[in-house]
Every structure is written in structure tokens, then in C-alpha cells.
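This is the structure, below, for whatever I ask next.
Labels run A, B, C, D and E following the written order; every chain starts at residue 1.
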Amino acid sequence: MDVFLQTLVAGVLKGGLYALIGLGMTLIMGVMGIINLAHGQFMMVAMYITYVLFHFFGLDPYTTLIISMPSLFLLGVLIQKYLLNPLMKVESILPENQVLMTVGIAMVLTEIARFIFSSNYLSVRTSYSSSAFYLGGISFSVALTVAFGFACFLTLSLFWFLIKTDLGRSIRAVSQDAEAAELMGIDSGRIKVVTMGIGAGLVAAAGTLLLPIYYLFPDIGGPFTRKAFIITILGGLGSTVGAIFGGLTLGLAESFGATYIGMDFEDLVGLVIFLLVLLFVPGGFKRFTKV
Amino acid sequence: MAFFKVQGIVKFFGGLAAVNGVSFEVKEGEICGLIGPNGSGKTTIFNLINGYFPLTKGEIQFQDEKISGLKTHQICQRGVGRTFQVVKPLKRMTVLDNVIASAFLRHHPRSDAIKLAEETIEFCGLTHYKDKIAKSLPIASRKRLEITRALATQPKLILLDETAAGLNPHELEEAIALIKKIRDSGITIIIVEHIMKVIMTISDHIVAINHGMVIAKGSPTEVVSNPEVIKAYFGEDYRA
Amino acid sequence: MLKVEGLNVSYGDLQVLWDVSFEVKEGEIVVLLGANGAGKSTTLKTVSSLVKPTTGSVEFLGARLDRVPSHKVINHGLAHVPEGRRLFPEMTVEENLIVGSLTREAKAKRKTTLEWLYDIFPRLKERIKQPAGTLSGGEQQMVAIARGLMSLPKLIMFDEPSLGLAPIMVTEIFKVVEMVNREGVTVLLVEQNVHHTLAMCNRAYVLENGRITLSGTGEEFLNNDHIKEAYLGI
Amino acid sequence: MRISSFRLLAIVSSLLISIGLSYAAEGPIKVGVVLPLTGEQAKFGEIEKNSLVMGLEEINKAGGVNGRQIELLIEDDTGKPDVGRSAVEKLISQDKVVALTGGYSSSVTYAVCAVAQQHKTPFLVSTGSSDKITEQGWNFVFRIAPPVSEYPKALNSFLSEIVKPQSVAILYENTLFGQSGAKEFAEQCEKSGIKVLIKEGYEAGAVDFKPLLIKVKAAKPDFVYMVSYVMDAALLMRQSKELNFNPKLFVGGGAGFTLPEFAKNAGNAAEYVFSADLWSPQLPYPGAKEYFENYKKRYGGPTEYHGAEAYGCVYVVADALKRAKELTPAAVRDAMAATDLMTAFGPVKFVSYGKKKQQNALPTYLVQWQKGILETVWPKNVATKPYVYPVPEWSGR
Amino acid sequence: MKRPSGPFLLLVLLLILPLILRDAYYQHLMILVLMWVAIGSGWNLISGYTGQVLFGAAAFFGFGAYTAALLSSKLGISAWWGLPLGGILSVAIAFPFGWICFRLRGPYFALATLALNEIFRHIATIWESLTDGMIGILVMQTFISKLPYYYVALAIAIFSIVTVDLVMRSRWGYYFVSIREDQDAAESMGIDTLHYKMLSLCISAFLIGIAGALYTNYMGFIDPKVVFSLHEISIMAILVGIVGGVGTIYGPLVGAFIMVAVQEIFRTGGFGILHFIGQSTGWPFMSGIIKYVSEAHVLSFGILVIVVILFLPNGIVGDWSLIRKSLVNSKKPAV
């Protein structure tokens, strides 16, 4: 029973973080229709920002959120404005050239990070990095629990933003019908730029929150990009509530896979679930959430 | 035995019936016009005949064989060709290559396919554009290319979807002439058209649709004077 | 109020509008009639700057709309209720309406406008929290109209509001259009449904193959055979 | 249109070729080095490169080889076998090196060794730890480091003499190092009667090891053997502590568990963790300590056994060049085969045993983290501190 | 009709090239280029011509490579049999692959192939009893000289180009392009799109699988991370395709040449030019520049992708007329 509960807890905590990663990707998918294969690399950039602030200015990783998120917002904005929006006008044989563009962006970001920081593993060690508390014999990593809490908070903030503010409503309007949104006075080009910024900002938060318990090197983006698109498709493209389901599903699937099948199969379980959902539940879990 | 027969076909999208119990027959060698106001379900009927959408209910027969349930390409192989309302040229291929790709359906050695393609292009009067890239053609020629490509599959029945929309009067005359020429070559035609002038002049037989249901059938003059049809077009209490 | 002059519009190499000119005066209901594919929707899209004309001008209350990006047109007091309603299906009725009032002035009066519209459309009030995609066609059309009105426009354009609706709903929608006009909003209406529209409009234009072929008052039109010819080819 | 594009191609290619050929300078004795200087493994390539350069400068300063200076031509293999092969082909055929050294990742090293063998150029492998590399019967390939299967040699004697465990759980990363290390260790355990309760791999870079660790904890093994790289190692230990998982021993199979970053990242969870090790600056080899100190002074960071391997290599190469009858690859090979040299990395002598050929047989060590310092604890004759065993529970550390 | 002489001249050049260029290093690079021509041609057929963007070329490459390696390690048969067999077994794996992925269109297809690529890599890593996992498989090289490998690689590259060329001139070719241009139109022209997409994938898999088997034979060592690599194989295949020219016969050739050349130029600091300048002038900062340049090869790939997608969306061969126009008439914008 302990094994089961501990696995469950591990899965849920990790799932919360995954949801945060998936949310940004989902938002981008919904509004732009782009699968952003540089998403994990955005996260990597945010982690480096946190690292630098911690290492050179002694800032606590959690306080660096107020810098890493806006920085990544800006990065997302610039990329959308100068690389992806112009692509709309380029005619190419392969309509997937936007996806290919994000692959190129991912490579460039990774290599720039390597240029500056080399391939060395870097980490941010804080007092809470390796402490844990216990509830009925089940251990909760402090940092992971805090990350989970932040993830919940950011998710709720995002919902509040999307539902209660005009900008949020505009984003949803563009994702549902861009031309009609134009008629309502919404500048869809600007909304795309803003959305890319928000998506990057969200994954930046995930990176910053993960750093105290994890570590950092330039190639860390790739695996998280893969996780992000798995989450996005699990959740049903463009559905924010779905992304949370997707994140939790992936977190739990990985944990239970690792415990009951074998840690070798951790990634495999995620990928297989991804394919099954892609094939047999075309709308992802969105189908079951109705939102 | 009917050449082509649609029996009580129904199509639901979500909870809405786009086509609700449509039945009609087409005799070999005639031109059948399908009319109805915007959104009445004409193109959906084409998509159902063509196998693009699966039927919710009903049956479609062609030459005494059930073709509903078959895949689009199988229906085409049985001898039903179609054009699209929004033209779908193979944009980066030349006109000739577009038609060759179709001609391969029944003519295997490449030389045979090219021969058929060239003949069909000639038949449709596109020879002038033969080596042009499809996306560079003006709209009238693109519409004509749709027909050419459908003809190159050597169909027995051809579905023409708004072939005349967007053409100027001169082009319209040419389009009408072409449609007649196709009929004269022995191919049966079902045509959806908004430009009444076209449909009135060429149809042997008209089926009028509104809200996914047949509201009138018969000769052009019969259908146009049918009060239901007038109501559908002009509103509840229009005094004809 | 709205003055459209010499519009020529092409999609790529396909010209759809040829020298289209017309005018809407304050307080009027003006109808653009025409068969499918005649260029009615394109005309409206050009007016709201979604489509840019090759030549010609759109002047609204002294401003050249054809030079304004489409999302800024609404700031000039012109709303466009598009063909096929184009609601945001996953947003609730209320959210759809709110998205209609993003301009500064409309935003300030959002609350009162909402109340006003719920008075006009009591049916919508019952469904505030329902996602717009789950409403019936007639209700959706009402949401679309209400959403257009949320920006407190001086002129509102309707693109085939009766499309795909049951006859009873069609009558109701046209009542709404008339009511909107009585509330002081100028209306430009695109329709196939000749009878209803001609009965209520001040003036009408007929579009045929991208050209304006006829213009006059509603009464004149009701008794003109040309309409019938354009529609039924007889 | 087609023709002109090919003409352009031809021009570009001939240009590149002429440039390549024109670059061939006369000078000192050339030795080629293949290391990953970019890509994921660049960190180790960098340490090895620095150590090589340091050793080289010492040798050259002391007069070089018979009065001639040595030049190292260092090529980047980017961690990819095909690129490593490009590098070594270039070194041999263009730069005409007389000997080669380096070789970090096993896959690259293998590909590179095959080329060296074909061109009859001696290759002294510094790291490339796959057992198979010296099992091919290649007479131009030498390896200074022990193969991965021999890393836990000292651990085995420690286990049989002191701990006498009944059962083990083996965790390993899914890399060549992890998989082959775990496989060999499992076989050794079966042989000596230790029951392998769990043997499970994981994809390097996992975020959360708890599912794996609770399973291991539930199986109650006497000790846990882990073949992991540094960051995974730190996470494994931290999460073991969080789970309050208390086997008799935690043992690392070398690699990650001996690095300073491990202690830094695992914090107090690193305390009393054992690890197999190939080298440490406290070992009684001449120059070991100096090498460690000098490296730290010069490059500002600590070095570890990979660096020592490379540092040893440059001395072995210089020694072979010195003794070679003439400066041809074949003569250098013969000289290298007769090597009997004490280096800072340890004694170097290439012997053949089992399937292996020209393999340096080195003793290995057991180290333990004590108060944040890595102490050599086994074999007793080289121990810097006595081992701490039994290890106190987490609550007592 | 007169045959174009360009390909013929190129063929002659390639045939005599290793005889002129005796240097093993350049021969090695040429072998890599030729291998990439085969992979690029395979990718191009399914992606460039049939329009189904394959993000998982490494699945077939790895399959071919492992076929050859396992023949040798498990059955003791020469790994050269892996060339035909690797191709054939890659086709066998293409069936379930296609069955899964062709239910999806556009970017979803691409992602599914990427996921399958990863799944294959994981399986090859975990299934240690068969593949030896990351320990990898060794295959003794048959020849010391590069020449046999060169000519085998050349034969494979020519086979790939000729296959793609012949296919594209046949009925299949017309059907593939029709599917790319408009799947619905293709269906209504009587083309069984699923069947022909599968056919295209099978031919692609065959070519890529052969290239994988060649890799095993030539490199002598494979492990899952090398041959199923998302970055080194799958993404690289896409780069070769889009840089050279999507949907062109000779695009993969140009793309392969450029990608290998760019990698080597950066890795070696311009084939030693920078080094030479540094040595002859004695400028201390040259060594820093060399270090940065040699680290920049992946960065240069990334920048190349961005530039090509933005400015030459149809690749160098596809947009050759555009490039030429802008070269000849550089003052005017080339459109």
C-alpha cells in the first residue's frame, strides 16, 4: 500500500509540473495551431536565467520567477514577431514548415546556451532542495511540493486571466475563430505574439521551479519538449483544462510505469499512451472534460 | 432499373441533420440539376454520393450496385467523377500532369495515360494552358481543369459542383457549351449550380432541396413555378 | 454615413467585385440582394477591411476604412455580424457578448449594454452560462447580433442572418433587425430572403456577378421582375 | 539549370580539397588526439584535453623526446562515431601523425580504433571503457584504463571480507557504461552467492527516482549498487534519504559517485556513500598529487580519474616515442607494446589476459565520502582513512 | 529527346573521384555524403513528394543498421547481407508504422513518427538480450581500403536517386504528388491515398534501411543512441531534405553535400585555415576564434534551417532560379 501511495504522490507532484509545461504549449497550439518544438528549450533558457541570478546575485530560485517569466515572455514575443509571424506569408511545399522552424529555433537556443555555459551540469542548491516532510509514512519532497503548489497557483491564475480579463478572452476568441475575433476589434497578430509570450513565460515558471530539485545542461530541453507535446495531445489540442489532465496523466503513467513495469519503461509508457490517445481518442482527454 | 438512385439518405453533423431523407433518381444520359438556397445541403449530398462523408442512413445505388459505404476512390473507380465547389487543383503540377494523374486510373502505360490526358484537355479546350502550372491559371480555367481531371477518370456519371460560379457572361456561355458537350459524349451529369440561367438551360430534370429535404422534383419549368421552391428562395409570403 | 465608391476586389487573379458603389444614410435599413456567389459577403468584408480592394474607397463618417486594419474598424462605430454567425463556440453566451465590447467606449458601458440586450433578447438571459456552440441556430444568430451590438455601433452589417434557420426563426430574426434599427442603429443587410427584407428596408441594391445592377426603394423592388430573373433565371 | 548547379558544386568541392591539401606544415613530432570537445560529452573531453596539454607542456619543457618537441593535434569527435572517424581519418591521412590517443565514449572509440588498426597507427585509448575494445585482437590498440567490468574489483573483496551481504539491488543508467557495468556486476554477484533482487535500468536524466526507490526499498536488499552519472547519482541519494531508505550500504559503480559535483548536489545525502574508483590524488603514485594540484591551479577546477587517464597517456606516448627505433607508426607501436612505466595514473604495462589484448591491468579502489571528502578506504594498504561500516541510518547521519 | 548531360557528367566525376582524391579523409567524407544522399532521397520521397513529413527517419535507419549488425552477431552471416535484408525488413516495419501514422494528417503525422522513432530507440536500448542495449554491436569491417565502401555507397546513392527518379516518372509518382497537393482531390480522382502513402513510405523505408545497413558495415559499431538518434539521424534527414530542396530529385545530393561540408568546415575551423592563420600570424585571439567556430557547427545547422525556411522555403535546388536571379541581378529584389 505504501508503495502504491508513494507512487501516486510522486506521480501527482510530477504531474503538476508537467501540467505547467503543457499549459504553455497548449495555449500556443490553440491560438497559432503550431506545435512548438522549442518549448523545452524555452524552459532550458529560463533555467539558465535562474541559475545565473542564483549564482551571481544570490537570489532565491523562487524569487527569480519575477525575472525569468518576463524574460521568457519577451523571448517568446520576439520569436513570434520576427520568425514565426513572417512565416505565414512564405509559401512552401511543406505546410509543416512552422514546425520545422521551431526545430531550428530549438537548435539555436541549445547551442547558444552551450556557447555561454558549456555542456557542464549546473545546479542550484538551496536549503530546501533535498528536504522532505512526511505524511503517514509517505514522503513529500519540499521543493517538489512547493513547485506543485506554484504550478496550481499559476494554473489558476491563467484560468482567471483567460476567463476574467479582456486580453484573456481575446486569446480564447482568436483560438476559436480568428477572423470573427478581428471583427470584434481584436488584433490577431498581436494576440499571437502575446500568446507565444505567455506560453514561454509559463514554461519558464516550470523550469525555474524544477531547478532546485533538478539540474541543468544545454540539452535538457529536448526531453521536455517531447513531454510537452505528449501532454498537449493527451489533453486535446488547445484545451487548457485538457493540458492539466494530460500533465497529470503523464506524471501518473510515468510513475506507475516505473513502479509496476520498470523504470526502463518510464518514457516508453508515456510514448505508448500518447500514440494510443492519438489514434483512438482523437480529441484527447478534452472529450471527457467538456471544456 | 435506375442508372443512379439515392434512397432516403440522412446525414447528421453532431445533432443537426444536414441532409434528411433525400431520395431521387437519375436516368442514364440526362442532366440532373440540384438546386436550393444557400446552406440547404447540396454540397453535402455530393460529398455523400462521393463517399467523402459516411452516410448516417440510407443507400446510394449506381448501375444496380450499392456504392454507399465504399471509399471515395472506390466510388471513383466504379465510374463516378466529381468536381469541387472550391477548386482543388494540384497546384504545383502542370495542367497536363494534373490530368495525367487522373488518366492513370484506367490507362496504365504512361504513354496511354498521356494520350488520354491530351485528348481530354483538347476536348475541354485547355490545350492552350497545357504546360502551365495549375495555380497560375485564371479561375475559369481552373474550374475547367476540375472538369477535365474528372473526365480523365472516364466516368459514367459526373458530379459538377458550382462549375459556373464566378465566371463572366462569356465564360458562362463556354461552360454551358462544355457541359452539353459532355452530356452528348454519353456521360450522365448531376449539377449543383446557383446561377439559374445555367441550370434552367441545360437540365433535363431538377431536384430542389431546402433544409436538407427534397421540396420539389420535375422539369425546370415545373420546379421553378412550384410554390415551395419560391417560398424557399423568396421567403414565406412572396407573391410570385 | 457609409459611402462605398468604385470597389474592385480580387482574390488572387479572380476578380469578384467590379466597380461597386453604394451608400447608406443614417437611420436607414439598406439591403444588398443577390444570388449566391454574387459578391455580397465580399462587399461586407471589404467594408470591414477584412479584404482589401484593389481600387476604390470605403468612407465611413469621414474616415477611410479601407486604410484601417480590420481590427480597428470597430473603433469607428461599425459592427459586422458575419455570415454563418461565427460565434466562439466554446465560450459562454455572456463571454461572447463581452468579447463584442472591447473598444474603450463600449467597455465603459459594458454593464448597461448587457442589461439592455438581455431586455431585447430575454431568451439569451436564460442561457448566459451556456457555451455558445450548444445553442440552436436561431439562438446563435441572436447571440451574434447581440455581440455585434455590444460595441454600440452606429452602423451594423448583417450577413445573411436568416441562413439555415427554420421559417419561424427567420421571421423572428427580421423582427429583431427592425427593432435594432428602431433603437437608432443604421443597418446594412445582406440577404437572399427577398420578401422579408424588401418589406422592411428603405433602399436596396442588387448585386449580380460582382456588379450592382439595380438600386431603388423596397417598394419599387417588390414589383420588379428583374429580381426574379436574377434569382430563378426566368 | 541543373548543369550550372553541379558546376558550382564542383568548384566548391575542389576549392575545399585544395585548401585541405595545402595545409601541411613541417615541425615537431605529431600525435593525434580524438576527444569530444562539443556536444553532450564535452565536459570530459575538456578535462582530458586540459590534462593532455598539461602533461605535454611538462614533457616539452623537459626537453621533449630526444630533443624534439611533441605536438598534439586535437580533433573534436562531437561524441558521434562518424564524426570521430572523420577526425581520425584526417589525422592519419593528412596530418600523418605517428600515434593517436584520446577516445572518450566507447562507441566513438571503437569506430576510431578500427580505423587506427587499418592504417596501422598505434592508438592509446585513454577512457573508452567498453570491454570489447581490447577484445578484437587489434595489435595497434592499447588501453590505459581498465574496462568497465573491472571497476568494482576492489568492491568485491571488500564485500566478501567485510560486509558479507546476502542480497543486492542494482540500478543503472541505460548507457553503455551503466548497462555493461550492471551486467558484469550482476554476474559477479551470482557467482559469489549474492542474490540480485532487482536489476533495473533507467533513462539518464529522469526527474523522479522515487517510484524505483520505493520498489527497491520494499525489496529490502542488503546493499544497493548504482551505476549512474553524477546528477542522477545525486538525485538517487537525495531521494533515498527523503524516503528514509536504509540498506547496509550504498555503493556507486564509479563515474558519477566520485565527482565533487556529486557531493555538492547530494549534500549530506552523499555522506558514507561508497564508490568504486580508478584513481584518486591520494594514491601513492609519483606525481598524482602534483597533477591534481597543478590542474586545479591552472584550470580553476578539480580533475578526476578521466583527467588522470589522459595525463598518464601523454607520458606513455612520450615514453614510447623516446624508445621507438624510428619515428614511424609501426616502430612506435612496437615501443608502446614494450611499455613499463610508472605514471601519475598508476603503473602502465600492456598485457594480454582472457580475451583482452594490450590492456593495462590496474588495481581499482573503493572510496567513501566522509565529511564531504572522498577518502580511499580499500584496499587497506592504500587507504587514507578507515572505512565507516556499518553505516549509520539516515536519522543518525 | 536528348538526355541531359549534367547527371552523366556528375556520375563520371563521382566514379573517378576516389581515384583522383586518394586521401582517405576526403573519401570518408564522400562516403558519408553518399550515405546521406540515400537517407535524404528516402525522406524526400515520403515527405517532399508525398507530403507526409517524416520526423522518424531514424526508425528505419536504425532498423536497417540493426538488421545488418544482428545478422553478423547472432547468425554469423556477413553483415553485407544486411544491405538487401535491412531494406526489406525496414519495409516490413513500415507497414505497422504507416498503419499507425497514416490515420493522422499534417503535423500529427509528423509527431506520431517522432514518437515511434523514440519508441524504437527505447526498445533497442531495453531489449538487451537481443541488441546488447547500449553496449552496442560490433561488426568487423571487411575492407581496409575505403574504395569498396565508396563504390558500395555510390551504388546505393545512385540506386536511391534513380529509384526516386523512376518512381516519380511513373504512375506512382503522379499519385504521390497528387496526394501531397490535395488529398481530397486525389481521392476523388480514384487514388487510394492510404495505399499509395503506404507504398511511398515503404520505398522510403527501403532506401533509408539500406543506408542504415551501410552504416553498420562501414562504421563497424552501432548502438541505439547512434542509429535511432532523433537529432543525428531524423532531424539531420529533414535538414538534408529541406536545405537541398524538398521534392526535387537532386535536392538530397546537394543537401547531403552541404550538411556534411558545413559540419566539417566548422568542426575543423575551415579545414585548418583558421588554425593556419593563427599559427602564421601568431595572433593569440585566433585560438579563441577557432574554439568558438568549432563549437558552432550545430548552431550553424540551426541558423541554416531558419534562413532556409524563411528565405528559400523550397531549398537550394527548389529555389535555384530564385538564387540565380538574386545573384545575377542583385540590385533588384528576387521574387
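We adopt the following convention: a contact is a pair of C-beta atoms (placed from the backbone, for glycine too) under 8 Å apart; a residue touches a chain by one contact, two chains touch by 3 or more.
These figures come from a predicted structure and were not determined experimentally.
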Shared interface partners, meaning chains that touch subunit A and subunit B: C, E
Averaged-CA centre spacing for the pair subunit E and subunit B, given as whole angstrom: 44
Centroid distance [mean C-alpha coordinates] between subunit C and subunit A, Å: 41
Whole-Å gap separating subunit D and subunit E, where each centre is the average of the chain's CA atoms: 33
Inter-chain centre distance, subunit A versus subunit D - centres from mean C-alpha coordinates, in Å: 36
Sequence positions of subunit E contacting 2 or more other chains: 122, 125-126, 295, 298
Junction residues of subunit D - those touching two or more other chains: 38-39, 174, 201, 203
Complete list of chain pairs which touch one another: A-C, A-D, A-E, B-C, B-E, D-E
Touching residues on subunit C, where the partner in the complex is subunit A: 48, 50, 69-75, 79-80, 82, 86-91, 95, 98-100, 102-103, 107, 147, 151
Residues of subunit E defined as touching subunit A within the complex: 47-48, 51, 53, 100, 103-104, 106-108, 110-112, 114-116, 118-119, 122-123, 125-126, 180, 230-231, 235, 238, 242, 246-247, 292, 295-296, 298-299, 301-306, 309-310, 313-314, 318
Contact footprint of subunit C on subunit A as seen in their complex: 163, 166, 169-170, 172-173, 176-177, 179-188, 291
Subunit A-touching residues of subunit D, taken from the complex the two chains share: 38-43, 46, 171, 174, 200-203, 205-212, 214-215, 218, 230-231, 234-235, 238-239, 241-244, 261, 264-269
Subunit E-touching residues of subunit B, taken from the complex the two chains share: 50, 52, 71-74, 76-77, 81-82, 84, 88-93, 97, 100-102, 104-105, 108, 110, 113, 149-150, 153
